[in-house]
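Shared between the two complexes below is subunit A, which has subunit B as its partner in the first and subunit C in the second.
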Partner chain A sequence: MALNNLPHKLALTGLSLCVTLSPLALAQSVEDKGRSIMEEYERRDTGWQDMQAEMQMILRNAQGQESIREIRMKSLEQENDGDKSLTIFDEPRDVKGTAFLSFSHINKPDDQWLYLPALGRVKRISSRNKSGPFMGSEFSYEDMGSFEIDKYTYKYLTEEACGKLTCYVVESYPVEKTSGYTRRISWVDTTEYRMQKLDFYDRKNERLKTLNFTGYQQYVGQYWRADKMEMQNHQNGKSTVLAWKDYRFKQGLDERDFNKNALKRAR
Partner chain B sequence: MSERLFNFVLKRPLIALLIGIALIVTAAAGAQKLVFKSDYRVFFGPENPQLQAFEAMQKVYTKSDNVAFVIAPDNKTIFSQEHLEAIQKITEASWQVPYSTRVDSITNYQYSHAEEDDLIVEDLVYEPRSLDQNQLDEAKAIAIGDPLIEKRLISSKGHVAVVNVTLQLPGINPVEEIPAVANKVREIRAQVEQEYPGLDIMLSGVAMMNTSFAEATLEDNATLVPAMFLVVVVTIGLMLRTITGTFATVVVVISSIVATMGLAGWMGFYLTGPSASAPTIILTLAVADCIHILTTMFYEMRHGVKKKQAMLDSLRINLKPIFLTSATTAIGFLAMNFSDSPPFRDLGNMVAMGVMLAFAFSVTIFPALLMLLPLRVKQKEEGDKDMMLGLSAFVIKNRRVLLPAMTVVLIAISIFVPKNELNDDFVKYFDESVEFRQATDFMQDNLSGLTTIELSIDSGVTSGINNPAFLQVVEDFSNWMREQPETDHVNTITDIIKRLNKNMHGDDPSWYKLPDNQELAAQYLLLYEMSLPYGLDLNNQLNVDKSSTRVVVTLKNQTTNEQLAIEQRIIEWFSQNAPQYTATLASPTLMFAHIGQRNIISMISGTVIALLLISLVLGFALRSVRFGLLSLLPNILPATVAFGIWGLSVGQIGLGLSIVASMTLGIVVDDTVHFLSKYLHARRNKGADSHGAVQYAFGSVGRALWVTTFVLVCGFMILAQSTFKVNAEMGLMTAITILIALIVDFLFLPPLLMKLDTNNSVQDSKISQQDSDNDKGVAHGSEQPAA
Partner chain C sequence: MKQAITAAKMQRSKPAYWLAGALMSALAGSAQAELEFSGKIDLEARVFTEDASRNNQEDTNASVLIEPQWVWFSEDQQHLLQFKPMLRIDQNDDERTHGDIREAYWIYTQDNWEVRSGLRKEFWGVTEFQHLVDVINQTDLVENISGEEKLGQPMINLSIAMDSGIWDFYLLPGFRERTFASTDGRPSLPLNISDDAQYESSAKQLHTDLAIRWSQSYDWLDLTLSAFHGTNREPLLQASLENGTPVLVPYYEQMTQVGATAQAIWLDWLFKLEMIHRDSKSESFAALHTGFEYTLYGIMDTDTDLGLIVEYGWDERGKDASSTMQNDLFGGLRFALNDEEGTEILAGLGRDMDYDGHIFSIEASRRLNNWWKLSGEARIIDASDSRDPMHSLRNDDYLQVTISRYF
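And now, the complex of A and B:
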């Protein structure tokens, strides 16, 4: 799940890498250059250990009608695998206390469980659903899942202005066949390697959605997180806004906070 | 003014012709802007309430534009490795169809079941080649036993399956969007059919219907227009025995069509099924002007007048009557602007334009051409005159029998007008030769068709659909609806919730019921939603804040009246059983169900205004209030009687027929004008009594009337061969009406005149006095020597 990872990651030695990247680029193939930019993006967001935040999810249909969901979430960074995450629903009221546990993986389907308080039981969720929508929103699981460099292959496209910044524009192609996309195009700013914009292309290679990131803030002196992520579906006119607040890092969460028992205690 | 024009045309025919051609070419250039809009929504104006309701519903839920692959194996077995694999291939490939947002089939159907303590939601058929006979049978039992897919995606016998592709058409460029979809699905079909020879795959759905509108029309224009040209050439050739005259007429007719379509392009018109019949109709109507000019000219030439002078005489004599008949015809077509359905407004405006252009060309490039081309007239005695005189003698002799007999017959037939029942089934807009119609009929016979009613049931509160009381209402309604004899299928969220409840209790069938608290229902749905793959979410059944749900009812084949009755029963069910919730009904079926009625109501006022205008014009033309009023009868009767005949024989009228009354009014009026003006001419200027005047009228215009009627009836009968039923029925009905008009003018009007107009002296003698002074008056001008 690791919604928090989406914005991006921070490198340990950002500056030095920045310097070495540019001359290298001349000799690199566009595939290598694309991958090295995204590696840098991932590197800069590594080492945060654990993270918690609160989020409001605002769903809008083509007519502008809204629906608001409130969610708390926790993530645990994993080495050499996708992150673990726990999501707790507070609103709508009839799903309050429902909790979702996800172990994200790179080369195999994620493990997912849902705790239903009304039933008092934990249910495992089938996992061919990566491309499916998350809570009826315009975000799919794969949009929400943690970024892992090997989930995609890459191609560097260009460098262009994005707002006041300059961005690398990199195309990425999902490795997993179950993905709902043929490709994504990322705009990553050249100064801090923050994801500024993402375009998603559906299975017939038509632009499906655009995700915009705004209100970046830096936490614990390292990690950049966007306050607002807005996903616009171009085909059905619907949109979903994720409004984040209360980011906390390195609070000492561990594996015991991310298992089936933790699910039941989550509320 | 007209004299100078005629003189110029006859003295400098080449220059006149070149100017004409230049203008026509300029106008025609606009034709490249003319595009065909293949979308059934064009039948509805933006203010149409049923369209608005439907569009509002489409914005809340997923759009319901679709393509349906109907898959029928020769061995009547869907559940075999091979055929399931084929269905899976179509399902996968359909994600590549432009604008597709969702693909539903029995293979990707999200089958939920319990496995130990887990909920498994997965494709019903994942790897077809790995299934043994037991597993195939099991899949079949699951599919056929599931109310969500039985009769929607699989036939009850398991011998026909459907892959349904939901489309989200942007609607920005319908000219390219729909053909792009059609091309892709046909490509998929061709591929799969080649790979699996034992499969018959047909294409239905709204997008295929839209495609058929364009394709049926194109096909029509490729066959009907040439057929009509053939009729024109043969008729004029045989009747007037002139190659040059026939050629010049064809030139005028082509010019009228080309210029009209070009101007329509410049003016931003777009083509639709009905308006694309404009060329055929213009072709039919444009011929009459030329026939009148030719007949007079030949008459003069036979009497020794030189070619140029004969043409000038003919133009002088005919200018006013052909202007008058063109104008009344145009008024009749312009009245179609009252139609509720934009394509018919366009058709009316285009034909009105074409008719007036045909008039303009008939008095300019037509004479110019005839001046330039060699023209000879055979000296030949006319046999028709005797025939016409025989007919007039018969009418005069039997007038005392004819009048009451005709009155009785006309009234007796008219009594059956109310027997006509409204019916607008958009599937039946295409005849059985159209592939879409075959596919849809087959789908309807074996699963369920395109006749649907969509309901949005609104609980009024966020997450209200999870409330047990609300769910119970949806469940009760769905059960009630399924009990109705007209129902084929009901797609309802309660089936999913009941199944989930069962899954959550180890698939125990006794738990196949609605959960008794809101939290359970909400959490089941959340769990289910989070298990669904790409494109198979619940947005097609639930709105964004889960306050309302959409239920889709598929009905058996129904007439419009039956559909409206069901709509009423549904509304009543909700007012009796669930007045606390709002239920909104909408669907293309309902849109078409209401359009016929709306259009008839709006066309009634259009027809009345056209009638008033035309009668006014006639009153002026005949210079008599009395005869203006009298002319109402032969003008109204043909359409009334035609609808009576229709009521007796077919009994079902739709969109296309609702415009026939006003459309034919302007055409049938021409016969009346010609007949009455000749009659009055005889009465006023020749001192004839009513018998003599009738005889004179028959003798002078009888032939011209039946020749033009013959051409008109042929033209509209050719339109009646259209595969697009709206046009076919419109053509057939117009042909019937025009034929009846001639019968009324020959057998009813003369006895009526002889009965009412008994005074030996003409009553409005003052007017007739002026009339005789004004030899080139309108009435006299319409004189047509009987060839």
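And now, the complex of A and C:
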């Protein structure tokens, strides 16, 4: 199956390379330029097949009090659709063993199931509205989902310094009406197309949150991942840090690791 | 390449091959694999708000639950061993002081199939207030009258994930009797349950039951079909005398049940349906339970989601039904605060339209920190009609507070 798809995948990748690189040099609308930058951002993060990582989620309230969640994640890349992912909670202890299976989609709501180990039950979850908080954090379910180019329309704003690097600044507008945001502003560095910063604007078009990415490392000679992602909520003073570790790519996961049986077996 | 396929096919077709291979790889992997220990201890207090039906019953009750768990995965993730015993010590009810092995099993995974052997919990339902199709495990009624607590069931379960769906085949050797509170306990029936259960099958509790289940997920729809043949988990209770004392003797019939569930998502609606047809010596009937949950997201500019639940339970036997949900309407509110503490509240009201009875329950929980959690539960039963199966519980309204320590 995977082997059959390979030539097809290579052809596709080659095609998008031609399309995205050449227009950058030419005069184009800010919409096209915005989209082509994000296409290149997505293209450079394509082909990783499967990924696993561990994450510590540190929640800080406005008074600076912290609480910590320990989470493991597995993802499977999908062609022409959103990724599949399995999320397993280790802490807090009362939700230990709870697992969350998600098939994300581009033009329709994701399919999601939750496994509750105390009851031994798999529960289907309604996923149309994803603006609510993920595990009580400043990340919403929407923020945790995979990036797909057609989930947004774009506008190129400017190019400016971001730390030691230079960044393209692109505004994106969610296509889905149930999104919690009116727009997002992305800072993507011009050298490696890594997301450096994201601003989120709420439905009233007021700046709600800023997400900063630090400690980028390259894996399997290609894919960049940030060790630390810090979300600051400007409206309630709370923040959430995701501290990532033990990234593993191309470990041979397949569809069978992302079905309901796998969900029930997750520990 | 062709040879490899043939070898793989042969390996699949001969159980002895994979069993030997499985054990060898388990042993090989054990050096690196890890044993993980976790669990919880609950301290539970109940206060009964009405005068007891009988004067041997107390108005308060304290109880402790210990539930440790050991999990072991082999390095290659092909083997999983899980062991989860439980022990409850109850202040007033000797029947509620009980232990059980909830789970003690081995899962062996290969390609698209897995074999799960041992004591397990298998849940089949989809609706909120009743689970008609869920018949694999015996109900641990002494734990909670909600019927949601189950005893571990011995089984060998082959599960195959195919494009056509997940196919489960169950061999269920051995049967567990339903637990009941004694007359000292609250809530409880007015008579003690005899330890001397009767069976239709001459094999008694050693009857081997069989079950099969198919489940498939489509975009917006989850479907299951199931069939079960064996000992009915639900006993008929027959009044009798034991050493001159009146008791209820459980009688377990053989039954064949076919069931179906459907769950459909449309916008913010979740539609649920469970249907069964059950055949036994004494009766043959159909029953269904259906309803929806509609979710309002982020109510009143907060992060709180509110689920509105409406369900209806129907049983062809009507008032003759052993089920307490023969013509009952349910309404529920589920609040998920989506806060750091994971606060949740579920309130439900059931109305029995044949007997004009009501049952109200509310459950709430909130995490205190990484290790502690507080939960509460209240149950109010109004069943003045003496023919209502809930009638014997009418004076047992209670409030319960539980503090859980996880480790």
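Operating definition for what follows: the second predicted complex is superposed on the first by the 241 of 267 C-alpha atoms of A that agree within 3 Å, B and C clash if a C-alpha of one lies under 4 Å from a C-alpha of the other, contacts with A are read in each partner's own complex, and residues count from 1 in each chain.
Basically, a residue touches a chain if its C-beta (ideal position, glycine included) is under 8 Å from a C-beta of that chain, and two chains touch if they have at least 3 such contacts.
These figures come from a predicted structure and were not determined experimentally.
Contacts of A:L119 after superposition: both subunit B and subunit C are touched. Within the superposed three-chain model, A:T166 lies out of touch with both subunit B and subunit C [touch as defined at top]. When the two structures are aligned on the shared chain, A:E206 is found in touch with subunit B, with no touch to subunit C. Of the two partner chains, subunit B is the only one that A:Q235 touches; subunit C does not reach it. Look at A:S131: by the touch rule set out above, it reaches both subunit B and subunit C.
When the two complexes are overlaid on their common chain A, residue A:S67 makes contact with subunit B and with subunit C alike.
Contacts of A:R93 after superposition on the shared chain: both subunit B and subunit C are touched. Look at A:K108: by the touch rule set out above, it reaches subunit C but stays clear of subunit B.
Between subunit B and subunit C, B touches the greater number of residues of subunit A. Of the two partner chains placed around the shared chain by superposition, neither subunit B nor subunit C is touched by A:T214.
Comparing the two interfaces of subunit A, the one with subunit B and the one with subunit C have residues 59, 61, 67, 92-95, 119, 121, 124, 126, 128-129, 131-133, 135-136 in common. Those residues of subunit A that touch subunit B in the shared complex are 59-63, 65-67, 89, 92-95, 98, 100, 112, 114, 116-119, 121, 123-126, 128-136, 140, 178, 180, 202-204, 206, 235-238.
Those residues of subunit B that touch subunit A in the complex are listed here as 56, 59-60, 62-63, 95-101, 117-123, 168, 170, 462-463, 466, 504, 517-524, 526-527, 529-539, 542-546. The residues of subunit A lying in touch with subunit C in their complex are 59, 61, 67-68, 91-97, 108-109, 111, 113, 119-122, 124, 126-129, 131-133, 135-137, 256, 259-261, 265, 267. The part of subunit C that touches subunit A in the complex is made up of residues 36, 38, 40, 71, 73, 80, 82, 107, 109, 111-112, 114, 120-123, 125-126, 148, 150, 159, 161, 166, 215, 217, 219, 222, 263, 265, 267-270, 293, 295, 297-298, 303, 305, 338-342, 367, 369-371, 373, 404, 406-407.
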